[in-house]
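The following pair of complexes shares a single chain, chain A, combined with chain B in the former and chain C in the latter.
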Partner chain A sequence: MLTTTQEDILKEMYNVFVGEAANLLSEILQKRIFLSVPEVELLSIRDLDFIDKDNLIPILNGTILSTSLKFGNVFSGRAEFIFPTEQIKYVTALCLGEEYAMEAEESSFSDEDFDVVKEIGNIILNAIMGGMGSLLEMKLDYDVPQVVLHEQGEFSKTFFNSQESNILLLYVNFSVDESEVIGLILIKFSLESIEFLIQKVDEISRDVDE
Partner chain B sequence: MNNLYLTIINQLDNGIVLLDEQLNIQLWNNWLEKYTGQNKSDVEGLHVTQVIPRLNRNIYIQMFEKALWNKQKNFCSAAMHGYFVDFHFENTKKLRQNMLIRHIELDNEIYVMLEIHDVTNHYERIHKLNKSLQNSIGFTKSLERYAFYDSLTNLPNRKFILDRIENLTRQEDAVFTLFFLDLNGFKSVNDCFGHTQGDRLLQLVAERCIRLTDDQSVFARLGGDEFVLLVENISSIEQHKKQIAKIHELLSEPFIVENQSVSISTSIGYASFPQDGVTVKQLLNIADRQMYLHKQKINNDGYN
Partner chain C sequence: MKILVVDDSAFSQKITIKTLRSIYPDAVYETADDGVECIEKYGTFLPDLVFMDLLMPNMTGQEAIVQLIKKFPDAKIIVLSADVQLTVREEALAAGALTFINKPINVDKLEEIKLLIEG
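Then we have the complex of A and B:
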């Protein structure tokens, strides 16, 4: 759905946005934190091909913790930052400098884990929403994200039945010191909003060409 | 500000601070007065960092600026920030507070609202709960250990090895051999050195014989000076002889108990499944009987 140039522009922009978030997180935690977006994809949920489904379904079908926020009126949608649950405890331990112990039993989360994910989600989504607001030259209205624990299969069910059919998928590499965790940002847009975003990206592309 | 709103804000069970564009405090609610011991009349009009020094960091100032001018909202967790305002009573607990930073607009003026939630007791409760959960897991594990392991030598005990043999006899195509070991002259060690030293010798024997084991074998203490070595997937006479030689070799080196050198040998009998027996009882009886014959031979001939 996106040309290579559009994808490259979006990738570069989102890397700048999450870079800001990484700086803020590094300062808060006094650790070296890197965030990068190695891949950006625009997908239509109804027309997902097998490869996309094969890549997405295993993550979305598992138990996941997501922080999500709704934004905008004219330019509207919902952004979700998701971590597979097996990575949450690891992220919390990395951020808090605690020793990580792999749990054999089913994962259970404390409020501390939820709060860490909420704050990380808040910082990353703030950076992304702030950046998108500047790009679109509008103030996007949104609240502090909510954290939700989705049991197995729950998230993907809602995801595939969503009203908004266009998803901007950002793979996020989150690394603390030398350890790396992979998260996913899903931004669902209404059709009008996605057209508006693509239009803005094309304007940048034309400016670059001139 | 409307008195009704002010009354509501003062009834809240969390701290509310309102900052103007210069980040000076415009509102400090009752909860904060009680919590910090600082009256609103003393703090109102002062720069937030003068009253809450922990907020004198770039990250917070940036968040306040972004809240003021970009309407950005931020959540700062106790997990990642610890706390923000000091508690004025003497407190031995580690303070934990969450903070929400919001943009507020009133009568064409813009403000930043800080909402401070004290989660100290909440976090402490969770940590205590986690600790007690860890303790109970530890207790269950120690019970398990007590039931299946010998407390003197830390080797698997009689119950463990009998269960293991029982399970193997139920498996199709299982092949294994049971070596029954009895230390020769252990009684005289007890008589000469005392029971504490006798126990120490058993521990040393266990430490050495554990080297015989791998994922195909188990070395266990049946009781007293009797041990069993269970080895899976061996059946030929050569393999049995090799195993017995290994045990003798391992025990040939003298042990040092109470600075004294103690030499000890062992009588060994064995039984193989399925050719020598098909139940735990049959196998143990045969191995025990063979061990007894071996012991008699040693007593008569004076060698292993």
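Then we have the complex of A and C:
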């Protein structure tokens, strides 16, 4: 359970890193990006057994494409940049500077779509995790990002199926032109990393109070 | 001028070359998908400049920089990476990269590179 102060500091830190990521995304898409208020949740394994995963983050119920970036070593976990599939063609067109014409059936994706999602996810997630690494004065090692297409509800099943006793969840929505959500960022940390992060947050809190 | 763009993302290769063309319209461009292909192509293409991503399968950019500098000490390598960590930047520069820029690439960043190269 996070204290109000810990939650507030974590949200504020996350907000700064996400703000930088949104700036980069805006540069890539050549569009104004709107952010939701970041959410922070510490879920215990007991919570994970009982929470309504389908309604925790509704966007995850649909078919989604995700870029997954695993990071380690002492501070480890997995960051995900998630796109609802109905937004992929729009995002790809924006990235390539092409006209977007909505098609009735957009259920298939090209290698180019996957590649664009991977590269955008890589840039955005690096901006956020790099910021966190700097704050923690720690170098993060990354695996090559992976892009995976998840059918309805599949993502939640694997993401929330934790071997760890807790999951710290940070998430925020991105949208373009104040319209549909085009992306969502989720970060899951290992148990040791959560303890480490909370220690750092407590240090920041003490420094502020001094 | 000959420029080799090394990146595992075809999208990123395309954007990099498109942006580079605004600064070097007459350059000849070649691409490589990872560090291994970069080493292979460098010897035959003999580029004047290499734009190198870091996080790639088969051989990372860091490893490729070390190997290239060992074989071709005058190689001019510019790292183009999403990784914003200071230590990663320092490691790349220590390995022999000329400079380091963060993705996404844009004309302003390239103008600075051009100044650095041309003095």
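Following the convention adopted for this analysis, the second predicted complex is superposed on the first by the 158 of 210 C-alpha atoms of A that agree within 3 Å, B and C clash if a C-alpha of one lies under 4 Å from a C-alpha of the other, contacts with A are read in each partner's own complex, and residues count from 1 in each chain.
What we mean here is this: a residue touches a chain if its C-beta (ideal position, glycine included) is under 8 Å from a C-beta of that chain, and two chains touch if they have at least 3 such contacts.
On a predicted model such as this, the values are computed, not experimentally measured, just so you know.
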Chain C versus chain B on the shared chain A, clash or fit after superposition: clash
Task: Would you check which partner chain A:166 touches, where first means chain B only, second means chain C only, and both and neither mean what they say?
output: neither
Query: When the two structures are overlaid on chain A, which partner does A:115 contact: first (chain B), second (chain C), both, or neither?
result: both
Message: For A:130, using the defined touch cut-off, is the partner it touches chain B, chain C, both, or neither? Pick first, second, both or neither.
response: both
Query: Between chain B (first) and chain C (second), which does A:87 come into contact with in this model arrangement: first, second, both, or neither?
result: neither
Task: Once the structures are superposed on A, label A:144 by its partner contacts, choosing first (chain B), second (chain C), both or neither.
output: both
Message: For A:156, using the defined touch cut-off, is the partner it touches chain B, chain C, both, or neither? Pick first, second, both or neither.
response: neither
- prompt: Of the partners chain B and chain C, which touch A:190 in the superposed model: first, second, both, neither?
  reply: neither
- request: Have a look at 27-35, 135-143, 189-197 or 225-233 and say which bit of chain B overlaps chain C after the superposition.
  value: 27-35
Statement: Residues on chain A touched by both chain B and chain C 24, 27-28, 95-96, 111-112, 115-116, 118-119, 122-123, 126, 130, 133, 139, 142, 144-145
- prompt: Hey, which residues of chain A end up touching chain C in the complex?
  reply: 24, 27-28, 95-96, 111-112, 115-116, 118-119, 122-123, 126-127, 130-131, 133-134, 139-140, 142, 144-145
Query: For chain A, which residues count as touching chain B in their complex?
result: 24, 27-29, 92, 95-96, 110-112, 115-116, 118-119, 122-123, 126, 130, 133, 139, 141-145
- prompt: Which of the residues in chain B end up touching chain A in this complex?
  reply: 57-59, 62, 66, 70-81, 98, 100, 119, 122-123, 126, 130
Message: List the residues on chain C that touch chain A in their complex, please.
response: 8-12, 14-15, 55-57, 81-88, 103-104, 106
